[in-house]
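The structure that follows is given in the form of structure tokens.
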Amino acid sequence: MDEANYVQSIVESIVHRMRDQKVKGDVADYIPELAHINPNQFGLSICLANGCQLSFGDSDVPFSIQSISKVFTLAIALGRFGDAIWQRVGREPSSHVYNSGQELEEKNGHPPNPFVNAGAIVTTDALLVSGTPKETLAEILHFARLAVSDNEIYINSAVAKSEIATGHQNWALAHMLRAKGNLCNDCELVLGTYFHHCAIEMTCEQLALFGRCLARIDTKAIHLSETHTQNLLALMMTCGHYQGSGEFAFQVGIPAKSGVGGGILACVPGRASIAVWSPGLNQHGNSLLGTAALRELSRALNWSAFSSSRPK
Amino acid sequence: MDEANYVQSIVESIVHRMRDQKVKGDVADYIPELAHINPNQFGLSICLANGCQLSFGDSDVPFSIQSISKVFTLAIALGRFGDAIWQRVGREPSSHVYNSGQELEEKNGHPPNPFVNAGAIVTTDALLVSGTPKETLAEILHFARLAVSDNEIYINSAVAKSEIATGHQNWALAHMLRAKGNLCNDCELVLGTYFHHCAIEMTCEQLALFGRCLARIDTKAIHLSETHTQNLLALMMTCGHYQGSGEFAFQVGIPAKSGVGGGILACVPGRASIAVWSPGLNQHGNSLLGTAALRELSRALNWSAFSSSRPK
Amino acid sequence: MDEANYVQSIVESIVHRMRDQKVKGDVADYIPELAHINPNQFGLSICLANGCQLSFGDSDVPFSIQSISKVFTLAIALGRFGDAIWQRVGREPSSHVYNSGQELEEKNGHPPNPFVNAGAIVTTDALLVSGTPKETLAEILHFARLAVSDNEIYINSAVAKSEIATGHQNWALAHMLRAKGNLCNDCELVLGTYFHHCAIEMTCEQLALFGRCLARIDTKAIHLSETHTQNLLALMMTCGHYQGSGEFAFQVGIPAKSGVGGGILACVPGRASIAVWSPGLNQHGNSLLGTAALRELSRALNWSAFSSSRPK
Amino acid sequence: MDEANYVQSIVESIVHRMRDQKVKGDVADYIPELAHINPNQFGLSICLANGCQLSFGDSDVPFSIQSISKVFTLAIALGRFGDAIWQRVGREPSSHVYNSGQELEEKNGHPPNPFVNAGAIVTTDALLVSGTPKETLAEILHFARLAVSDNEIYINSAVAKSEIATGHQNWALAHMLRAKGNLCNDCELVLGTYFHHCAIEMTCEQLALFGRCLARIDTKAIHLSETHTQNLLALMMTCGHYQGSGEFAFQVGIPAKSGVGGGILACVPGRASIAVWSPGLNQHGNSLLGTAALRELSRALNWSAFSSSRPK
């Protein structure tokens, strides 16, 4: 049986089990526009190094990628600024909640890593140095569309507007960063841009196609340097799941980034890119069934970075 | 050229560069007995999956393994208690210093992970449930000696006594844990045992031999389950270097555990076990040149967990 | 010699010594409009229970009262809402800086007391329940003018605008309060009002006249209940000087409230109201020479709440 | 009616109401020896400036003064070292619980004030510079006995031993102080002394007699300088009731110090010394009915430092 068939059979049974789970977690309700999503959806798509793509369940339904967009902006920022970006944001996991202002105060406005909200706001601010919010959003969309070869990827502006009006903790973070001198642009410009790239909608199929450039199984459409992809994957491993990052590494062992929309993008370097989506979240704000599916998949296929056995 | 020869030539030149470095970091001075170590020492030893061992520099000089012993105690505790140990200690990296009491207070006596001091004190307490301190230390030594096939591994009791007398922050942590109900034995018993296993002395050669059971390149002498080794390596990746854990993953990308004696044990699953030692430390308390050597080695040999290229 | 003459002679010599001090502290520079004030100014005015007012130095120069306005808004809020205001803000001193967001996070949006910025923002929000910002500011001004019998008290709108544009930490606090559900009105409305009442300008002479209602030496113009004045004075004693409140009680022993404009309003119950102004600040943001003058005055006249001797 | 008769009639009715209260708070249970005290006891004793002493209820029952002894040790330390003591401990109220280690870490081993546990441990350490624990305890007892003219005041060594064995959070604080270099003597010596002076037992009658030196209504037996009594009363006002200090100042307005044994010593400068005891505690660890009684008494007699009316 070739790899694609083997993976197909393994994942099919995992998806089957996931769809039967009664406990699906709770849909994020702090973003009004996302509160009414049907929690019974589950999608998964995998791109393999040999070019195959395997898709399951609701893998063609667009969802709000939210924090997964932090990978996009960091990838663009690394390409444009290289290591200079690290003067403004750290590379360490955080013990605090993802939107904590406490650690910003303790560390004088220096966010611990680019995957907590404050860090991603700083990254977005950096991208705005050379363009208007409109141009910057166009660049982010272009980056995603190019990687996926799909011009249909779009921003849900109702979600963005909903967050602009109600995302007060993010406004607090932006003003705190500005107070500490770690924001070059007006809070309105930066958060306007930030909330819009969080509101990008993609399907699992599109997201898995995107992940190929990170897993370096297809470097044609988008070229990220080997060093930068290693940087991105290391940060996904240690910081990709907020206060549940250590747990995810422990249970799954694959570099991945989650979003409160219920999506997770996971990358097995040189081997596979996986996107999974299920809107119900666990206590750390990561997709409950998405995490469970990746754990089973990682174990069944020996895809954990910590496995000593040959991947299947 | 076969693998061993290739690795030999690569590492030889790295070791050469390291020994020429002028900035070597500062030797830990808070443990009086360790303060007078000659900082100009550098040793490195690698065990490969094919059974070869390559050693360089001061790889036959015993040093105080200190926090690396936290891997030993956790390995034994996982073997004995399995997942029950996680009821008493977490699996998340920490933003605080390795001997912080603050987070213990915030989290009601539940240490964030077994590789910060409070977490390792809890693990040691767990091991004491079924034996005296003497028996427990004998078990830990036996575990190390068996893995290395070398009965010469010993505890430097002068170092242990020095820490018992002066390690007040650890005494504070133990009493805090006891106050919160997360210590079953008297602080004196637990810390007596803890300080003694931290005072184990090993050479790089011995430590690399030990690491084979974690990298699963030799599972004969000591058998750890595949699940438990994955657990250990995941924690080493996310929590192995205190507040510099994210940075180590970013720069090196290999699961590893450091000690303030200047040693680092790094494990490339299925491929290699590496021990490096240089007493000068960086700002997070991890060996400065040891980290630098592992970074170069990881890059030269594609041994990072985040590399998509075939390991060399 | 009657009381007024005695006080006059004592205070004259204190003022003389203060004007000779070389070290005057640093003028607050985070509010651009306040950064260019001449630090060599010093004013002091005292109203006695017998109706006398004694004034010294630059006591007729208007200055930005800033946080002293927090006493005005709390007095109005107590009159209007009574103890209901304490459901939204605490009565405990804080170990954190006056504009800290950390404790807001830890205490779920409940500010520790009404004299740190977050607490005063909540009080301002409460006042806005029954009027527009314009009406609320008119009410605050009316309250001050009535107490002083002086319609010349005004708001420096250049200072207010300067703070609206640059006071990012206060914007952060307002959004954090809004995120936690402890702000009923839009951040723009609340902070617009807050920054404007902080920008009220008064002279020492006016401020001392105002203080009579708190010291209850003249309760005709403005009637505050005995209970509410005791409430206000107790909070001024324990929380009136940010992180320097304990020190002020220790050194001076008179209930007082300071502002970063360099003013301090101190009230000796039943005996005197004192306003002092000198723009240079100590490390906690309180007037350096103003504090020193009040310490000498308190000791010379036995006006400390902790003195067992008869006041002179 | 003379003052004593007036006070007698007022307080009698307050005591009557207190003894009828159904909700009495919870007896501290973390000190095993104190957990079994009958919560239905209530005593109160007042010494007036004219020499009268009025006593009510269980005012002749000895109780564990616990943290009230912090006033004794600070008074002795001020007398012996003067302001030099402030190099080792601060004068600011704390937002943290009374036995918090968190703020010790944040402030590098410098306790915020001498009335939280860490601060009192430092004060005790200072006293040990010139004597053994036995001599130091003898000096503290002598100080109390002299002030009260009563050689029957004693230490309950069963309580002290109970705390030595179980007071792990205090052991943690002592070791933390030692780790930061703010403890000159061994933790065993310091805590041995500390736990013993906390275990002094006194009746309300004895404690009220003691308080005369602080209120300066009888300065013959024990002479404290006017400055030092003002220092002590200021700290009692801002820091005397742990995290409930602001609330106590707000409700009662009299400088006072509480202990977890249920006692409170309150001093109205130049006028009265009051001791009250009821073992049930409120959420901050202060006597519930003791606080309520002092609030009523303060209001009925105009004894608040924040009252503008003449005391009755």
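The letters A, B, C and D name the chains in turn, as written, and every chain counts its residues from 1.
Criterion: a contact is a pair of C-beta atoms (placed from the backbone, for glycine too) under 8 Å apart; a residue touches a chain by one contact, two chains touch by 3 or more.
All values reported here derive from a predicted model rather than from experimental measurement.
Counted as hops between touching chains, the shortest connection from subunit A to subunit D is 2. Between subunit B and subunit D, two chains of identical sequence, the interface residue sets overlap for the most part, with shared numbers making up over half of the total. Set against the Cα centre of subunit B, the chain with the most distant centre is C.
In the CA-based superposition of subunit C onto subunit D, the rotation angle is 180 degrees, rounded to steps of 5. Here the CA centre of subunit A is 32 Å from the CA centre of subunit B. Here the CA centre of subunit B is 48 Å from the CA centre of subunit D. Note: centroid distance subunit B to subunit C, computed from Cα atoms, is 56 Å.
The set of subunit B residues touching two or more other chains is empty. Interface note: chains touch in the pairs A-B, A-C, B-D, C-D.
Contact residues on subunit A toward subunit B in their complex (touch as defined above): 90-96, 103, 112-113, 215-217, 226, 229-231, 233-235, 237-239, 243-247, 249-250, 253, 255, 269-271, 304-310.
Those residues of subunit A that touch subunit C in the shared complex are 100-102, 104-106, 168-169, 171-176, 178-179, 187.
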